[in-house]
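You will see subunit A twice below: alongside subunit B first, and alongside subunit C after that.
Up next is the complex of A and B:
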């Protein structure tokens, strides 16, 4: 019985090859996504209308269009424009777009979340705008924004499973391959679920702890 | 408090002069051509019904609110604003703000910094004092408001009254020529408010120049040298606090006083 209950674990070694791909993809997407998010957040409050509108369009498309559709647009659509990114690169581009859009919103709302009285107090003690941002607004916005930004990272680790549809050799692709050979769908996908959960659940717990720690002096 | 600039006898007739201050929101005149002069060491309280423009006027003095029109002179600094035609430069604004300390109704302490850092930061960034020098001064100021024991505490670990006293210390740290108090006790229980008022009273006795927007009538009567009554954006009465409170000459002052006194 015990043997049966744990039979799914036999698939873990085969699937774990995909974990490295999923994690490295997440890493790249998150670094690029945060950077894009910073740029978009800054651009979306630009005084130049053109920049502002372009930034808003990128953000709204990134948040409004399903990730799967973005994935297909990049992977299947770009080759028509004589651009042929690899499957991995296509996934990175599509995910970065989406992650950047969500990060931009988090960054913008985190800055907005700092009460107006804070910048007023900074101005009243004679600080210039740069100092006020650097010493008063940004530190508080960061404390507000870090947990949701980390949740975006966790989310996009899960989203890497979508890259399977464009043949990226991540966890789901490995699982699907195993399943078509063994027909042991339940166990194989259970093993896949386990691999995702074993990473996301501790990560989520870590974020909650961090959140409490950061909120201590807000 | 030492006033670095103004001990020398110059031809500066008035210490602070805010003249012809008007603040319009669309067609509504929140502050309508208000002029206020204050001498060194003087404490002026501004009273009046809510919505009278008292706070808006106060916030125009250090340009937290950009007046639609008017001129503010403090010490040697003078900044004029005229509708649409002239906005003050950053340097002018900085100069005015450096000479004015402000205490807010909601304290607005920096929650991520300790009490000491709250007071030291601007000294370092604005006045260029060294960290050590700033901390020493901050500690002295905390002592002065009776909170030296709270130096390493964060605002969230302090009561409302303590936070407001720290905020007063923060405002004093730049050696301002004038202190502006914007209803400093309105967010506090009366009992806690009393400890803040006590600190303000001491500072006034030591020669602080201040403009206080307040609903604390007994404080306004006992501590201020002069009282200004604002109604609907204008000054309707001005003079000796005792005289105004015992025999108000304006009908609106009478109405207001009968509503707030003896409550």
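Up next is the complex of A and C:
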């Protein structure tokens, strides 16, 4: 009976190869996504209308269009322009676009969350704009922004499952392959669900602890 | 090109059907879950919390495959459309339960105490005092989750539901015009989410004008 209940665990080794791919993809996407987010957040308050509009369009498309469609735009769309990125690169490009858009919103609202009086006071004591941002605004905005930014990282770890549709060998691709060989669909996808949950749940708990910790100092 | 767009646009029906069904079914099933989280019995609270967290910890695609392929293996065979509606209703249920819980938590405890003091029954207190106030907090959150649901419904294409993304993918393969086709589909999704986005913003600003909800 116990053996039957735990039969799904036999698939964990085969799927764990996908975990490495999923985690490394998440790492790359998050680093690039935060960078893009920073650039977009800065561009979206630019005084140049053109830059502002371009940034807003990139953000709105990145947040409003299904990630699966973004993935197809890159993977099946770029060949139309004679560009043929690999499946992994396509997934990284599409996910970075989306992660950048979400991060830009978080960064923008975190900076907005710092009361105006703070930058006024910084200017009043003679700081220039760069110093006021570096020493006064940024340290306070980071406390607000870090938990949601880390939640974006957890979200995108889950989103890597979508890369399965363009044949990236992540967890779901490995699971689907196992399932078609063994016909043991339920157990295989249960094992996949377990692998995602076992990474996501502790990560989420860690972020909410951090959130409570940071909130104390606000 | 116009014929292609027309063919793809026929998928709007299936996309909206999945979104609206999951929104409605999930929204209703979440009510008992949200109330259970305020139960006196710690076991019930823990159980519901556990389920809600577990559902959200696993990607929607995995749930979709577990329901469509996994349940079929166990003898519960569903059409792709049914499987998609069932899966997204189940996922929406746990998100809505969390949204309702947050809404109830935002309501001052004094409201319920006051209605009890006035002699209102539990049902009446929920009907006339709690729900109308909670809805104002929860409405915008539900609208933005609705947009998320619309986007997630694209996943149904992976199990063969002939909706927007499925039709687009098949056309892209036939014509080799992936960029044009998926750009059009992207715009269709943005247009479809526009009404919800407007509702979410309007409700929000009307609320802020009438109540000072934090």
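In this section, the second predicted complex is superposed on the first by the 218 of 218 C-alpha atoms of A that agree within 3 Å, B and C clash if a C-alpha of one lies under 4 Å from a C-alpha of the other, contacts with A are read in each partner's own complex, and residues count from 1 in each chain.
Keep in mind that, in the parts below, a contact is a pair of C-beta atoms (placed from the backbone, for glycine too) under 8 Å apart; a residue touches a chain by one contact, two chains touch by 3 or more.
The shown structure was predicted, so the numbers you read here are calculated from the model rather than taken from an experiment.
Enquirer: Let's test your reading of the overlay: on subunit A, do subunit B and subunit C clash or fit side by side?
Expert: In the superposition, subunit B and subunit C stay clear of each other.
Enquirer: In the overlaid three-chain picture, which partner chain does A:135 touch, first (subunit B) or second (subunit C), both, or neither?
Expert: After superposing on A, A:135 lies in contact with subunit B but is clear of subunit C.
Enquirer: For the three-chain arrangement built by superposition, which of subunit B and subunit C touches the greater number of subunit A residues?
Expert: C
Enquirer: Could you look at A:79 and tell me whether it touches subunit B, subunit C, both or neither (first, second, both, neither)?
Expert: Touch status of A:79: second partner only.
Enquirer: Determine, under the contact definition given at the top, whether A:143 touches first (subunit B), second (subunit C), both, or neither.
Expert: first
Enquirer: A:120 in the overlay: touching subunit B, subunit C, both, or neither? Say first, second, both or neither.
Expert: In the superposed model, A:120 contacts subunit B only, not subunit C.
Enquirer: Could you tell me if A:60 is touching subunit B, subunit C, both of them or neither one (first, second, both, neither)?
Expert: In the superposition, A:60 contacts subunit C only.
Enquirer: Could you tell me how near the closest CA atoms of subunit B and subunit C get once both structures are overlaid on the shared chain, in Å?
Expert: 19
Enquirer: Quick check on the complex: what are the subunit C residues that touch subunit A?
Expert: It comes out as residues 53-54, 57-59, 61-63, 65-66, 69-74, 147, 150-155, 157-158, 165, 168-169, 172-173, 176-180, 182-183, 185-186, 189-190, 193.
Enquirer: Could you please specify the touching residues of subunit A with respect to subunit C in the complex?
Expert: Those in contact with subunit C are residues 60-61, 64-70, 72-73, 75-81, 158-159, 161-162, 164-165, 172, 175-176, 179, 183-186, 189-190, 192-193, 196-197, 200-201, 204.
Enquirer: Which residues of subunit B touch subunit A in their complex?
Expert: Those in contact with subunit A are residues 62, 64, 90, 94, 97-98, 100-102, 104, 106, 108-112, 121-122, 125-126, 154-156, 170-171, 173-174.
Enquirer: In their complex, what parts of subunit A are in touch with subunit B?
Expert: Counting only subunit A, the residues touching subunit B are 115, 117-118, 120-128, 131, 135-136, 139-140, 143, 216-218.
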